[in-house]
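Structure below; questions to follow.
Per-chain residue numbering starts at 1, and chain names A, B, C and D are given in the order in which the chains are listed.
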Amino acid sequence: MEAFDFMEMKVPAKADYVGVIRLSISGVASRMGFSYEAIEDLKVAISEAVTNVVSHAYEKKEKGEVLIGFAVYENRLEVMVSDQGESFRFEEIRNRIGPVDEMDMVTDVSKLREGGFGLFLINALMDKVEINNEYGVIVVMTKYLDETEVGLNDEVPSQV
Amino acid sequence: MEAFDFMEMKVPAKADYVGVIRLSISGVASRMGFSYEAIEDLKVAISEAVTNVVSHAYEKKEKGEVLIGFAVYENRLEVMVSDQGESFRFEEIRNRIGPVDEMDMVTDVSKLREGGFGLFLINALMDKVEINNEYGVIVVMTKYLDETEVGLNDEVPSQV
Amino acid sequence: MNLAVGIEEAQNHYTVKVSGEIDVYTAPELKDKLLPLTEVHGNDIQVDLKDITYMDSTGLGVFISAYKSAKEHESSMELIHAKDRVSRLFKVTGLDEIMNVRFDDNNKEGQ
Amino acid sequence: MNLAVGIEEAQNHYTVKVSGEIDVYTAPELKDKLLPLTEVHGNDIQVDLKDITYMDSTGLGVFISAYKSAKEHESSMELIHAKDRVSRLFKVTGLDEIMNVRFDDNNKEGQ
């Protein structure tokens, strides 16, 4: 089996901790030798996934947690963000994901949606994204150290 | 019961990850409102505890992990660093902990020990330190947000 | 990890300087300071993005609602000095085509 | 999180500039670069600590072994521009009383 280091964080699903997770991911990524740009991409993507847990996962419960797993491979970083909250209807969401021009054909700014860029950005900034939402939501995001290893993969995330 | 947020990290007991843990602790501490000096103290103390796990805990095994728990209270931060490796004879170590003048009465630099400042620094920089070493080693370190809340507690850590 | 929002006023012209990180934790503060300026008729608001060190979709969300609110109240809002990472977010989402964003980098000058 | 070690040489006088973070991950590199200089007779070594942004007991350990090695080989080693956090570590451990450390802050000028 391919060797990797695994690192895990469990934090309360509160806005307060998103910045802490961002510092941790930038530490892991910089130790791995990712470029400045790639580190910034990772920070945004992981923050988006954690922000979704904070904002949507535990709407009906009083509180919950977010679990972040980092699998550090020789050539790539895999980050898993998961919660044990509400699942969501991925097929419905899927149609709302995309940059504004493709999605909304907005000519009138007043019709512009104010949210819904999170999953789109995750997908735009990472090399591979998988979402599983059977029990809670698990977002698995991969970024390669060497960008030439990345296949053509710029579509909407696939559901596994 | 006193309310607190709990955050946990599990990382491979490797030197590579000590810097990542340091970034995480500085994130938590700065969100809590600790001063620059206190954040630096926390970074050193937690790094020392994790470094000990990396250097001493798993000497006889191939690999292991270090678990870091952060309990965020209104008025203080409690950090637990634990491993499942070798215990150590605290009573023996205790005599080797301290600043050089008190401990060694070194007049000759060639007799100066090169290690053994880790536990001493943890104790000097944190407000309260407890060490448990029944199964592996657990170091519990507390730092108060408001330094006036700290009792006179500058001795060698107590064993619990 | 923190955000600072400074507001300079000259008649109905406002310059809002945003510095630090905009994320789910700090976005509410930005919204609380920016939105009221857009809810008055005839205001002219420039938001200076130069010193933003981190921003994600929560920041986009705030700027979108401020922009919409400004339109509704016949005020104007312009985002200035978008650069590096911040400009990347506006471009990748296509929001630069819809909102008034001025970039400080070469790719798309004066959009 | 990284460390850089720059060495300037003028005959048997060496200035070693250490910048960045010294911890259990980076200390071996510092040791590998510093120790050999102390293992030669009659060297005169100054280690400039000014740009160290983080240091813990692993850094103290490296400096202690370099200091001892210098003594043994009749070379001299001096640590210069210790300030803020770095100076605090030398003082709290009492190592400033034993090794040649020059401080850049007021508390203990020119020790």
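Heads up, the rule we're going with is that contacts are C-beta pairs under 8 Å (C-beta built on N, C-alpha and C of every residue); 3 or more make two chains touch, one makes a residue touch a chain.
Here the structure is a predicted model, which means the values were calculated and not measured.
Annotation of chain B and chain D: jointly contacted by A, touch as defined at the top.
Common neighbours of chain A and chain B, by the contact definition above: C, D.
Rounded to a whole number, the gap between the C-alpha centres of chain A and chain C is 24 angstrom.
Chain geometry summary: the mean Cα position of chain C and that of chain D are 47 Å apart.
The geometric centre of chain B is 43 Å away from that of chain C, both derived from CA atoms. Those residues of chain B in touch with two or more other chains are numbered 16, 19-20, 22-23, 27, 31. Across the assembly, chain D contributes residues 1 that each touch 2 or more other chains. Contacts between chains form some other arrangement here, matching none of path, ring, star or all-to-all. Chains touching one another, given as pairs, are A-B, A-C, A-D, B-C, B-D.
Residue ranges of chain B in contact with chain D, taken from their complex: 15-16, 18-20, 22-23, 40, 43-44, 47-48, 51, 54-55, 99-102, 106, 109-110, 112-115, 117-118, 120-121, 124. Taken in their complex, chain D has these residues touching chain B: 1, 21, 23-25, 54, 56-58, 60-61, 64-65, 67-68, 71-72, 85, 89, 92-95, 97-99. Note for the complex: chain C touches chain B at residues 1-2.
Across the complex, chain C is touched by residues 27, 30-31 of chain B.
By the touch rule above, chain B contacts chain A in their complex via residues 5-12, 14, 16-17, 19-20, 22-24, 26-28, 31.
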